[in-house]
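To keep things clear, I will list the structure first and then write my remarks on it.
Per-chain residue numbering starts at 1, and chain names A, B, C and D are given in the order in which the chains are listed.
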Amino acid sequence: MVIWAFSMKSDKKSNPGDYILRARYADTDQMGIVHHARYLEWFESARGHLIRATGYTYKDLEGKGYLMPVLEACVSYIKPVEYDDLVRIRTRVIEASRLKIKLEYELTRDGEEEIRTRGYTLHCFMNPQGKPVRVGKDILDIFQSIM
Amino acid sequence: MVIWAFSMKSDKKSNPGDYILRARYADTDQMGIVHHARYLEWFESARGHLIRATGYTYKDLEGKGYLMPVLEACVSYIKPVEYDDLVRIRTRVIEASRLKIKLEYELTRDGEEEIRTRGYTLHCFMNPQGKPVRVGKDILDIFQSIM
Amino acid sequence: MVIWAFSMKSDKKSNPGDYILRARYADTDQMGIVHHARYLEWFESARGHLIRATGYTYKDLEGKGYLMPVLEACVSYIKPVEYDDLVRIRTRVIEASRLKIKLEYELTRDGEEEIRTRGYTLHCFMNPQGKPVRVGKDILDIFQSIM
Amino acid sequence: MVIWAFSMKSDKKSNPGDYILRARYADTDQMGIVHHARYLEWFESARGHLIRATGYTYKDLEGKGYLMPVLEACVSYIKPVEYDDLVRIRTRVIEASRLKIKLEYELTRDGEEEIRTRGYTLHCFMNPQGKPVRVGKDILDIFQSIM
């Protein structure tokens, strides 16, 4: 049983990190709903969007030599999303250290409160040669500013 | 921390459910490794391959009106896989009831023992109208035969 | 050699059908650029966006029993697009009859004029049973309004 | 109208470059058929499979500094393919020079003769810095051996 650290319901204030997207036809499968693997791509975009709110972008981080591969990803699919639905993903950094970052995601249809999907991803920092690295305080500060 | 129920290492006997695939170029991202979302598509294929070993196919199940949407999916990315790598996925049913099925996946490079990715997916049974259903003993038997 | 029917360069006026998106990490491959298959997903979204400008949506069309499968798709990749690039896709209906619709797409980076990718897709109308159908004047009018 | 250079029908002899795959659930969309963008991923795999028949792999070519980005891709979708279908892709090099390679693809369901999809891709050679290059006779010979 996956335990979630934050809940959008208990915190309804607007969030600059909210990411809005429209489900594409290519996101669906023959069950008539968005395929479960696509949510990981959506969370990735939501993550990039949240980081952008700090003034840095994930692209900047890669440019400085800090890649953030996914160590662990879990998704709980509560209610499906369909083609053309406008969805809102609220992302939050829930753990941040010089070695690892953990983010949580809550997905609703835009304008609704009912959470349809939640998930988390755990990341380390890695250099371009593929070795795990500790980041400096400047990088840690970026992530702590969006916790 | 995700806790895994079975280990390929402790059970080296050959498994008819092993699924072999070659990582495609389209599976990679600019980090030079297979993108983390693609493993869910691979696990899905590995799951279909395991079910086929029973004499039924997942397509047959959908034909009988039993869809198996994913309720939960978790993946632990231990070591990456690269373009053109030949990978082996060992799949096992670890929980089976008339309401839910849980499967675990272990991924190695073919010919190696080191587990590079593991994951699980939890499924319910759903009818074509989208309602959860209890399956009969005949369907449950299919999944119990591959535990 | 593919011959293109319209050119964004020769028609700089703003277009309500312009569709803006940001290239996702999952869109890239190990060449460090957006994978060529993804453009077809982007064009599909751009197409849906253009149709929406008529007041109808592609979802509405499917709801009325008119599916629009792709009969032919061609893409010319002139210059690549990278992760995090903001791209603009200008879409136009270039042929419309009761049997078939052809659309063309031109992709630039937002704020630039240089065309990086162009493509077309040809569609027929099909009923939910998979048979090609002729649409009525009302449906044809929708597409002619965005030529 | 796209004109195709070769036809599987007129050449039924077995081909070492034939590539067999099974359509995945994730390949489908809500139309209940394989999504049109996925064929480009399949053709890419079929291309890699054909090159492998020469003793070299596309990975080897990239290792030598010769990337082969797609300049142009066209697909003609004649009849759809469904989930779990076993499909066969016959690939052939139809043009080869020191600057460009063109390949054609014909897709049938395994065991059938009816062509369901055909397509071509045109590629140049590019160095890792993104500049087009002319390859030596050794590389050209690889492609000419599979024409």
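In the analysis below, contacts are C-beta pairs under 8 Å (C-beta built on N, C-alpha and C of every residue); 3 or more make two chains touch, one makes a residue touch a chain.
Predicted model, so just to flag it, every value in this text is computed and none were measured.
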Chains in simultaneous contact with chain B and chain D: A, C
Furthest chain, CA centroid comparison against chain C: B
Pair of chains joined by more contacts [C-beta pairs], A-C or C-D: C-D
Computed distance of Cα centres, chain D from chain A, in Å: 35
Approximate Å spacing (C-alpha centroids) for the pair chain C, chain D: 24
Intercentroid distance (Cα basis), chain C paired with chain A, Å: 28
Residues of chain C whose C-beta touches two or more other chains: 25-26, 31, 33, 37, 40-41, 44, 83
Chain contact graph, described as a line, ring, star, complete graph or other shape: complete
Contacting residues of chain B [partner chain D, same complex]: 22, 24-26, 40-41, 44-45, 48, 57-59, 83-84
Complex contact set, residues of chain B against chain C: 25-26, 28-33, 35, 37, 83
Contact footprint of chain B on chain A as seen in their complex: 2, 31, 33, 36-38, 40-41, 44, 67, 69-77, 80, 130
